[in-house]
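Take a look at the structures below.
What follows is a pair of complexes built around chain A, which joins chain B in one and chain C in the other.
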Partner chain A sequence: MTRIQKTCAFAALTLMVGALVALPAAAQTPKQYPQYGTLNYNGAHLVQTDFYWRAIGNWHTSDPALELDMNLYNVDYFDSCTISSNMPSWYDDCGFAGVMDSGYEGFGAGSYKPETAKTYQYYYADWNFSGGSGLSADFKLSWQEMKHTFCWFDATGCMGGACSSGCGGVLKSGRLNWGTSQSVTWNY
Partner chain B sequence: MVASARRWVGLLLATTVLLVLGWAMTATVDEGRQQFAAGSPEWEVAGTARWNTLSLGRRVLLPGALFFLLPEVGVSEVRHEPGHCTEYPPGSFPHLDYVAETRVYTFFRVPVRTFTVRCGGNYL
Partner chain C sequence: MSSTRESRIAARKLGVVALVVTTLLLTAPIWAQDQPSPEERLTSWAKAHPETPLQATISFGKAVADQQVRSFVEKHDLGLVAVYTHAEGVHAMSRERTATDVGLIARARGRIVEVAEARVERMPVIARQFLEENPKEKAVSDRQLSGLGRSQLAILENNRAALAAYKANRPIVYAVTVSASVDVLKAAAGDPMAKSFEPGVEVEGGRVAVPDPVPPGGTAELRVPASVGELTPAQVYERLQELGGPAQGGER
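Here is the complex of A and B:
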């Protein structure tokens, strides 16, 4: 083995060991949003999500809230929804869906106490939709850190986005097709 | 009594006309996607960033029921910044190396806030 080959082999080994050490560290970075989850659609009116946090944190306020929104880009696909969830102090924000939104409808499931969620514990948020028509709808499942913006008590109308950077993103995007069930995952 | 009622009706009409005019002016805001070649990464990222600013960015400013006060979002810039996106693993979404600048407008085309939307338009 020449000196160059030895140097290259050492560098490669160092990179591999470094990656092995760095990957779990990155995976443990606290996030506001659940890093792993699945979204199941039954092909009709039910969307179910199951998810967990590997590490939770990085909140921008001392009293954060978290909202998961099913944004549908066919406003006719569903008319309304109800939410069920086991997130801490969960809330149903379906009432605001489509209020003056143009071209999409956002159906929200939230938690007023997301900071108390336990890591590696499965939580769920289910959207029971009703009404609507159409064959398909593009969707984005998004998250957003919220805060009490307009009043101090827990009410959906009080909540606004917590900050303008690092407080929201897309967990999964795709398309819902009527009559076709599907299951997709996210893993960040 | 009649004069008072007329005054209120007039005020209501004037306010309505003003709101409609303000909204109509904002509706002329360029969405910003047309500046890019259709189907290009910039074009796709502009669309994604615009939609995500509509659904996520506006909430920073107002809660859901008041979204109508912020009716439009335009994309002012899309740029390529390789390696900036640390929130998603490669391949999670298309064009993760692109960043977009979006601007939220209120009535009369008044710009309210600019957002930097990272990771192919998926992370505010």
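Here is the complex of A and C:
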């Protein structure tokens, strides 16, 4: 290899490495879950999440759904929920909180059309819980890709996990303490 | 002779068609095979659980006044399981685990007001984060970042408008999930207020899947008010500055 060839090869390598550093691979890889978001708790009954995708995709089915579950590991902490969201064709899974959950209660907010979500657009899912008791609860804000499993129409009772591997994970975990507000961010 | 032969050919063709249909049915997803009508769902439930109430979702086709919903629920003696609302592009749902009284309508409005108030209060914090992370030059020239900023303003405007609608007691309830006997549900389904009636169906594990209502206009897209949609990227950034305060280390 001549000196010129070596110089060109080195320059090309430098450019490639530079490009990789400038564009983090994780940020550019389509994911089912929103890569950036914040969970905000007001120390009482309100939990807010706001989030966005940098790249969306990697679905395991042709007709996916996505669920964000506020899993509380003190089943007495909250009882019921009111939800507001702007996710595409969103749904609540509060009616099934605790039904198939062992040792926790999952209050879900989902989307029947997550594949139509836009990148770089803020979405939110806000829970206003009611009832309950206790001073604290460990939580995991998790995501799960779902699909119509038990019936064909859009109902939470129809939905089941889309696969056993690569279809779910935890966005953020921690502890809710009554009377203490907190805000935590995830960035993947 | 000839007609007998034609009959045999026809019978063979019919057999092939039947085989194909059977094969398709057997290989189709289970949810595609089983699509009972609302009437069939009611009949099936009444047969399997004659003494147990069934849940159903009833949509009104548009947002109706709380008092109208209350009258509808009381008239048919329905248990109220969940209330679905929409106003100004903001959608919400409220349900309680055990209570099914008609008072849920008022409680739902109160809780939805709290959610929208908190969302309006939250947006300046998000705007501040955005300004801190994105200098003006970058946020204005980058189409994605500009879109991110615009969506914040749209969410804020939508929730402000919805909050005003909630507090003015404007009609917001477009559907309810109710619980009642099959006969009562049939009567409610025949009410002129009920524009759509979707009873639940028992699925694997004994769970009852109750169809979710579709809000008038759907929820597929974020509503962008004209006052936000017409802003230039620079104006979007300025509005975020007004909302979240000056950028910390953004512009030099």
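Brief remarks on what is shown
Quick note on the criterion: the second predicted complex is superposed on the first by the 163 of 188 C-alpha atoms of A that agree within 3 Å, B and C clash if a C-alpha of one lies under 4 Å from a C-alpha of the other, contacts with A are read in each partner's own complex, and residues count from 1 in each chain.
We adopt the following convention: a contact is a pair of C-beta atoms (placed from the backbone, for glycine too) under 8 Å apart; a residue touches a chain by one contact, two chains touch by 3 or more.
Since the structure is predicted, the reported quantities are computational estimates derived from the model, not experimental observations.
Of the two partner chains, chain B is the only one touched by A:Tyr73; chain C is not.
When both complexes are overlaid on chain A, the residue A:Pro64 reaches neither chain B nor chain C. By the touch criterion defined above, A:Met146 lies against chain B but remains apart from chain C after alignment on the C-alpha atoms of chain A.
Look at A:Val170: by the touch rule set out above, it reaches chain B but stays clear of chain C.
Within the superposed three-chain model, A:Gly106 lies in touch with chain B and out of touch with chain C [touch as defined at top]. For chain A, the partner touching the most residues, choosing from chain B and chain C, is C. In the superposition on chain A, contact of A:Gly157 is made with both chain B and chain C.
Of the two partner chains placed by superposition, only chain C is touched by A:Gln121; chain B is not. In the superposition on chain A, the residues of chain A contacted by chain B and by chain C overlap at 96, 99-100, 149-150, 156-158.
Taken in their complex, chain A has these residues touching chain C: 38, 40, 42, 45-46, 48, 50, 52, 79-92, 94-97, 99-100, 112-113, 116, 118-124, 126, 128, 130-131, 148-158, 183. Within the complex, the chain B residues that touch chain A are 51-52, 54-57, 59-65, 67-68, 71, 87-89, 92-93, 113, 115-116, 119, 122-124. Residues 69, 71, 73, 93, 96, 99-104, 106, 108, 140, 142, 144, 146, 149-150, 156-170, 173, 186-188 of chain A are the ones touching chain B in the complex. Partner chain A is touched in their complex by these residues of chain C: 31-32, 34-35, 81-82, 89-97, 107-108, 111-112, 114-116, 118-119, 122, 125-126, 129, 144-145, 147-148, 151-152, 155, 158, 198, 200-201, 203-205, 207-212, 214, 218-222.
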